[in-house]
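The following pair of complexes shares a single chain, chain A, combined with chain B in the former and chain C in the latter.
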Partner chain A sequence: MTGWRHQTLGRNIDRSKPLRFSFDGQDVDGFAGDTLASALIASGQRILGRSFKYHRPRGLWGMGAEEPNAVLDVRHGSEHWPNTRATLARAQDGMTVTSVNAWPTARGDMFRLMDLAHRFLPAGFYYKTFMALPWRFYEPMIRRMAGLGRVDPSCAPRADVAQVSAECDVLVIGAGPAGIAAAKAAAETGKRVWLVEESSQLGGTLRWRGGEIGGTPWQEFAAATREIVLAAGGRILTETTLWGAFDHGSFAAWERGVPERHWRIRSTRTILASGGIERPVWFANNDLPGVMSAEAAFHHLILYGAAPGRRVLLAMASDRGVPVARALTDAGVEVTLVDARKTPVDCGVPRVTGRIEAAHGRRGVDSATVNGKRIACDTILCAGGTTPTLHIWCQAGGKLDWDASRDMLVPRPGTAPMTVVGAAAGVLDLETAVEDGWAAGSEIEATNRPAPKSPPDHVFRPDPSLPGRQWIDLQNDVTLKDVTLAAREGFSSVEHLKRYTTLGMATDQGRTSNFAGLTAMAAVTDRTIPATGTTTYRPPFQPVPLRAIAGPARGALYHAPKRLTLEDMHRAAGARFREYGGWLRPATYGAGDETTVARIEAQTARQSVGVFDASPLGKLDVIGPGAADLLDFTGYVRMSTLKPGRARYGFMLSETGIVYDDGVVLRLAEDHFLVSTSSSHVEGVRYRLEDARQDRIGRGRVFIHDITQGFTTLTVTGPKAREMCRKAGIELPDLPHMGVGQTSFEGSPMRVARISFTGDLSYELSVPANLAHALHDRLDTALPEVGGCWIGLEAVLILRAEKGFILIGKDTDGATMPHDLGWGGPRTRREDEYIGKRSLFTPEAQGDKRRQLVGLRVRDGDAVIATGSHLIEDQGARRSLGFVTSSCFSPTLKRPIALALLENGRDRIGGSVQVFNDGEVRSAEVTMACAFDPKGEYLDG
Partner chain B sequence: MQHFPCPFCGLRNETEFHFAVEAGHSRPEPAERVSDAEWAAYLYANKSPKGESREVWLHLSCGEYFILSRDTVTRAVLGSVTLPGVTR
Partner chain C sequence: MDERLWTDRALADGEAIAAAGCRISRSGTGHQTLVSGDLTAAISMLAPDAPLLGFAEVSDTPEQAIRIARDHALLVTSNPVQEDPGWHSAGFALSDAGNRFACLDLAGHGAMDVLAHGLASAAPVGSPSAALYFVGLPVLVTGTRTGLKLWVDQAHLTYLTGFIARIGRNAGPAFDS
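== the complex of A and B ==
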């Protein structure tokens, strides 16, 4: 218990509104405005988690997304956030907060003994140790021990994060001094400025460091910025994570407030003012609770009145630590500066020249070794220098340069389409940062300043000569020794180092560790820092819940199926719906086992009549003097020879000769065709027709219009189809098979086509969608009079399989050409050009081992063949000759039927093959694809 | 997300577009006089330049094909024009 709450400090908290939440079962008191981190420090909680690998106690380090240790599991009401960084979550009354990777609590973690075994758990431990026996033997155990938070599957977050697209003239990322200066300057030129800030307030480090911007107190400047940005039509997003930079000035941002929103922002110009993150200082046991970032301690003290301890050592090598020490001293903390510089400046705070060599303590710091002497303390603050935050810069393709004079990697100008200002550009001086921000915002050249030439007096680095374990990556438990080991074992590239030791992974993405890992690797391998390189930065900048990115697009809305106009009527009739080719369609009607119901429906359709909703079949109007030319070129079967009032079945090929789609083309008039496509291929066929229209036939000669959703088509099929239509009061025109005509329905024209997908007499009745319900009612009333019923897609699929009618993509694959399906005619006869023609004459296409469509008839019993079974020779070595594409039990033929693609299939008709599935072999006779009524005697009813 | 200019509709998000084909390949015809090698080259041989490229893209929203010039390395869009011979 070392942390405490200051009586008066704490600008962000409202002491009139106390709140209470639980942490690992203990009550923690805080105030409105607290983050979990500030409330936990102020209440004296020190151990906030256990480390990933060795289960060492860990406390708070930072103040934002860089926090490696305080990763918590938070529940509040029905909501659950695993892996919440304590620094980023607002404390709320009644929250239940638990530590992760510890059991039962972080303080009394049962796995803490893991640390004693650290000698046996070096980098690459898993790779080295678990190679001998099968991984699956260890995996369940290791999985249980590994990882941080656990997702609770019973807690389904709401799918209500709005997805909003927006545009702006200038996007300013980060509202620190440089950011607000840039935003104000840009807004003053009349630009629409969007200012995005991770925390809840503008001001950045000024919020705790204080200061003036251009002679004005920073609060006034921030307020003026807000006012002018809003007045110019811009927007200020606080508590918003700008998590990704993408192509052409697009950015993704997650606004965590109420309402929660996910933004896709496109900006004309981007100014990156994302600031920097304080580096640690390296000494033995630098991971103990109580070792903390100095800047973070400053931040927590001023904004929340939360002080980390009473006796503080502050390790530093620049003057940036001085205001921290002063503020803590003023708050009543006993501070000793440990200044690594040879010639430090006197600042009125007790000071030791030298460095911290080790921290001591079991569950937290209780003393430190400084220059070989033990000094009692409860907190060690580290001001190890600043690393510019350049994730967004690098995501946008920006490169980094090593600047030895500033001891940091800085953006290389011109390598990414954005301007970087402030600490992100390596400028730590307030005045210069503001000046640069202002210049970037108003699009003027920044005044040239001489860059500091001499390198800093002292820079902190991990030191291999110190005894004890120095922690490089707190979140992944990587020590300096692990880095050395990785280098010795050949993993000396930073990308390999990362994968081998996991340095820089997980929620903090190495914000406090990458630099140390990089410099340590450079030192061990005797390379310069630029030669060692950096790892790749990828979105997201910090963890973003998938819920925020997905928004409402999940479940039924993930890929919303198309709906039938008559869905309500089908539902009322007891239909069970399923998705077929992107459409939600009735599978069967009524209760009972689906397979049985489908067979009964199919049988009824064969015996009397069945009606099904065929509306999803694509309907493309192709109109104009060039229509016939267009269809001749794009289709495999000629359509120019089709007479008006007739329909013809055909294929559409790819240029590779592979069957892309099949369907019937209706010629309604000399210059008017209706192309009916597979329900899932409407758009694809339309674009292929458009391609030929725009590139070959001519835009002025033909038009293509997708009218699929404007019409409802109900198909009446069965021997009593004609009688049934008559009873429904539909006057059928006199049509031959494959004839198209028109009749009148409720005063509107109704198209009638005699096209059969079942082999029985069929009438496709198409009306404009507004007459769909009327047509449905008429047919529904007449159905019982002829003993018919509505049939679902499952029954239709049985009926078509009996006839050997194919479904593209099911009964064909990526190698099927039309002559494989028995449609060799146009290939040998057509002399004009059409898509895919040349490919039908390659050696491959003319080969004698092509897989051809056939039927199968099993010889052993009534069990249905498994779809996908391989076909093999009766004798000899087992080799796949093809496979079963469709299979079902035919209620009409009272036996199982199947379609298959079989090598040389047509020559094998009458012969036999074996059907191999999952080790089981059955014998089957090869037949024609058409099993029912091969002569077509039922087509006329 | 990239921003592509449809010559008919203006700037739109890349999700509205489909790549169609590399520009500049003319279809060898008639089939009877095209060798297997020529045909295979037409189907599969692309230049896939590193840098400036000319490609045919389809704007799904309006159904128009057009030629897009862009840099495949920097992703800079250099311009877009309608297909040759377009009459409106």
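== the complex of A and C ==
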């Protein structure tokens, strides 16, 4: 036990509000305001997890998103957050926190012996093993061991994260000193500034390092910034991770507070002040619990009063470590500086010139080797330098340049549409960072720049001459030896290094490892850092739960199915609903087995009358002097020869000649057509019509109006349809089959079309939606008088299948052309141009092995053929000749029926095929697609 | 997800939802007519007092022409227009839109906030077209003295009711007032 709680330090915690949570079964005490990390340090917990591959003990390293080790499973009440960074999770009373990748606990992990076999488990070992036995022998074991954390299916994530779009004049990312200065300067010019900060407070490192901005205490400056930003109409978001930069100044940000929100922000100008991350120092066993970032230790001490240990070695090569050492000393910690510089500056803290070569200890640091000598300690703090945080810059397309004088990769100006200031730009001096921020916010050139510094006295690099293992990537367990191995095996490109070793591929995204991997590979391959290059940063900046992006889109809100005007009436009649073509429609009515009910409904419609809601069928008004030309060009069947008051069935083809949609076109007047589309294809057909309208026919000659949802259409079908309408008080116009007319209903026009999708006498009655209930009531009252009933889509599908009428996408596939369906007339007769015409005459289109629509009749009982069954020859090689597209039991014919697409189907009519499904083979006769009333005698009732 | 078990429904007349500092209720829709082509001629003939409205533009008149595209608009009138559907020699096409659109009235300072919850990017203030995508669905947005009106396809009303109710229940204001 090394960490402890200082008696007075801890400006973020409220000691009047103690709390308690459990970690791996042990109680941990903390205070309101603590993070899980600070509470765990303060309670002396050192081992917070086990490493990914070797199951080595790991402790806290950092203070934010860069934390590679303290990834925990957190539960609170009914909520569960797997793989949560302890540094970013607020501690709450009653939480249950467990380590991941360890069993039963991090401290007593059963798999810790894996480390003894480390010689056999280097990077990429799995490419060279698991070969002696079939892969399926290894797979279950590997799957159990792989991955990080577990999802609990019983804890459904909340679906309540608001998705909000916003815009601003200036977006400032990061509220450290440079960011605050930039925000204030921009707001003072009247700009609407949005300032986004990942932590809960403004100030960045000033919160623990302290300091003044322009002679003013930083707290006052931050408060003034807040005031002026809000007064100028801007906004400050804290506890918000800006996780992605996208095109055209769009950014995504996840606000983790209450309420939780996901923002899509578009800014006119962007200033990136995302700071930097402290680099590790590399020595043998640098992964032991107790090895920590110096800046993180400073952060936890001042903000939470959580001290990492009692005897600390602080490895550094610049003065940035000095304030850390002083603060720890003032807090009562024994600190020894291990300064790697040749000419270190005396700062009043005990100091050793040299370097740490190894850390020692079994479950945590208990000593270190410095300059060949063993020194007792319980904590090693690393101030290895600073890596600018440039993920957002790179996501926006920005490039990086190597600055040897600062030992950093810095943004290359002009390569991304944002300004970078502060530590993110490699500026660590407070005064300069503030000045740069101010200039960026004011849109002026920065002045008084300090002279370029000479290269640092000493830079930390992984040293292959040191004995022992040095960890480069803590989260993915990648060592320096893995980097040299990769180079030796030819994976010397930085992209190959990443993928071969998995360096930088963990959830910390290589924040503490990418630089070391890059420099190690450069050294091993004798290249410069620029020549070695960097990998690509992609969103998200840090893990974002999918529920934050999905928002409320769950269950009924996941997808917007369209709803019928008469849904309430159908429900009252006992309808069971299902989605068809993007609409929620009645499948059947009443209780009982749905298949049985559907058959009864179909039988009733065949014998008497059935009524169904056909409102979803598309209704596109095509109006203008060019209307006929448009439909002729976009349709396979000519409509210009259709007389007003008549309807005609046709197809719309794609340019490749494939059937896109089918439907009926009604001609209402010389220059007015109504195109009926499949319910799922309304937008698609409208788009295709619009495309041809604008590009070929002429914008002023024809217009398209979608009036689908303005009208309710109820279809009355069956031999008693006419009688039914009369009893309902509907005066039908005298129409032939495929005729359209109008009558009056409740003082408004009602369109009547005699179009049949069932093969029986049918009337489609269309009224404005506000008269839908009145029409429904009239028909509902008349139904019992004729022995009819409401029928759902399942019954309609049976009725149309009996007639061999197709459903696009079910009885057609991505290769079906109209002549495959028996519609070869227009192809041979039309001389004018229409979309898809030329594709109908390719060798492929004219081939003799095309799959054609046929019917199937089984002779071995009443069992329905499974839809999707393959059709094969009676004898010979088992090759698929096609498949069953629709199949059901026909109550009219009292036997199973099916439709299929069969190779050379029409020539096979009268013959037989085998029907193969899931190991079962049946025999079927090939027939015409229409199984009922092929002469259409039932159409007139 | 089993759509067979859904029990959600559309906002009914007389009901209201509170969300993001805003009260959402059903509003009257009048008679709806789609016109395309020479909009000036169409409006002059069919609803001479109707202003042509773009995004969130305010009009107190009961008759309005809500612009959808350059040559396409929705006429909202108190009474049915006197002309028949079809082509008119003045240069426009006319369709009876029936009751294609339902109308939601968003009254309150949070009206734009409610909108912000469903837009993929910032609201198109100043656009001559009132059409945009809200939660991925095409809608028209006009203004009132107290907020906005959302003209939505009837078939989407249930979904949008559920979505807006969710805003009211969970997420708090989009923009803290």
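Criterion: the second predicted complex is superposed on the first by the 932 of 941 C-alpha atoms of A that agree within 3 Å, B and C clash if a C-alpha of one lies under 4 Å from a C-alpha of the other, contacts with A are read in each partner's own complex, and residues count from 1 in each chain.
In this text, contacts are C-beta pairs under 8 Å (C-beta built on N, C-alpha and C of every residue); 3 or more make two chains touch, one makes a residue touch a chain.
The model shown is predicted, which means the values in this text are computed figures rather than measured ones.
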*With the two complexes superposed on chain A, say which partner A:Arg838 touches: chain B (first), chain C (second), both, or neither.*
first
*Look at A:Pro552 in the shared chain and tell me whether it touches chain B only, chain C only, both, or neither; answer first, second, both or neither.*
second
*Considering only the touch criterion stated at the top, classify A:Gly215 as touching first (chain B), second (chain C), both, or neither.*
neither
_Touched partner set for A:Asn770, first chain B, second chain C, both or neither_ = second
*More residues of chain A in touch with chain C or with chain B?*
C
_Contacts of A:Gly847 with chain B and chain C, given as first, second, both or neither_ = neither
_First, second, both or neither for A:Gly700, with chain B first and chain C second_ = both
_Looking at A:Thr565 after the superposition, I want to know if it touches chain B, chain C, both of them or none. Which is it: first, second, both, neither?_
second
*Partner chain(s) touched by A:Glu690 [first = chain B, second = chain C, both, neither]*: first
*Once the structures are superposed on A, label A:Glu655 by its partner contacts, choosing first (chain B), second (chain C), both or neither.*
first
*Shared chain A contacts, counted only where both chain B and chain C touch the same residue*: 250, 264, 266, 699-700, 704
*Note which residues of chain B are touching chain A in the complex, please.*
1-3, 14, 18, 20, 28-31, 34, 36, 39-40, 43, 58, 60, 63-65, 75, 77, 83, 85-88
*Touching residues (chain side chain C, partner chain A) in the complex*: 1, 3-4, 6, 8-10, 32, 34, 36-37, 71-72, 85-87, 91-100, 113, 116-123, 135-137, 153-159, 162-163, 166-167, 169-172, 174-175
*asked:* Using the touch definition from the top, list the residues of chain A that touch chain C in their complex.
replied: 158-167, 235, 250, 258-261, 264, 266, 552, 555-558, 560-565, 567-568, 576-579, 583-584, 587, 621, 623-625, 627, 668-669, 671-672, 699-700, 702-711, 768-770
*Spell out the part of chain A that touches chain B in their complex, as residue ranges.*
246-250, 264, 266, 655-656, 683, 686-687, 690-691, 694-695, 698-700, 704, 833, 837-839, 841-843
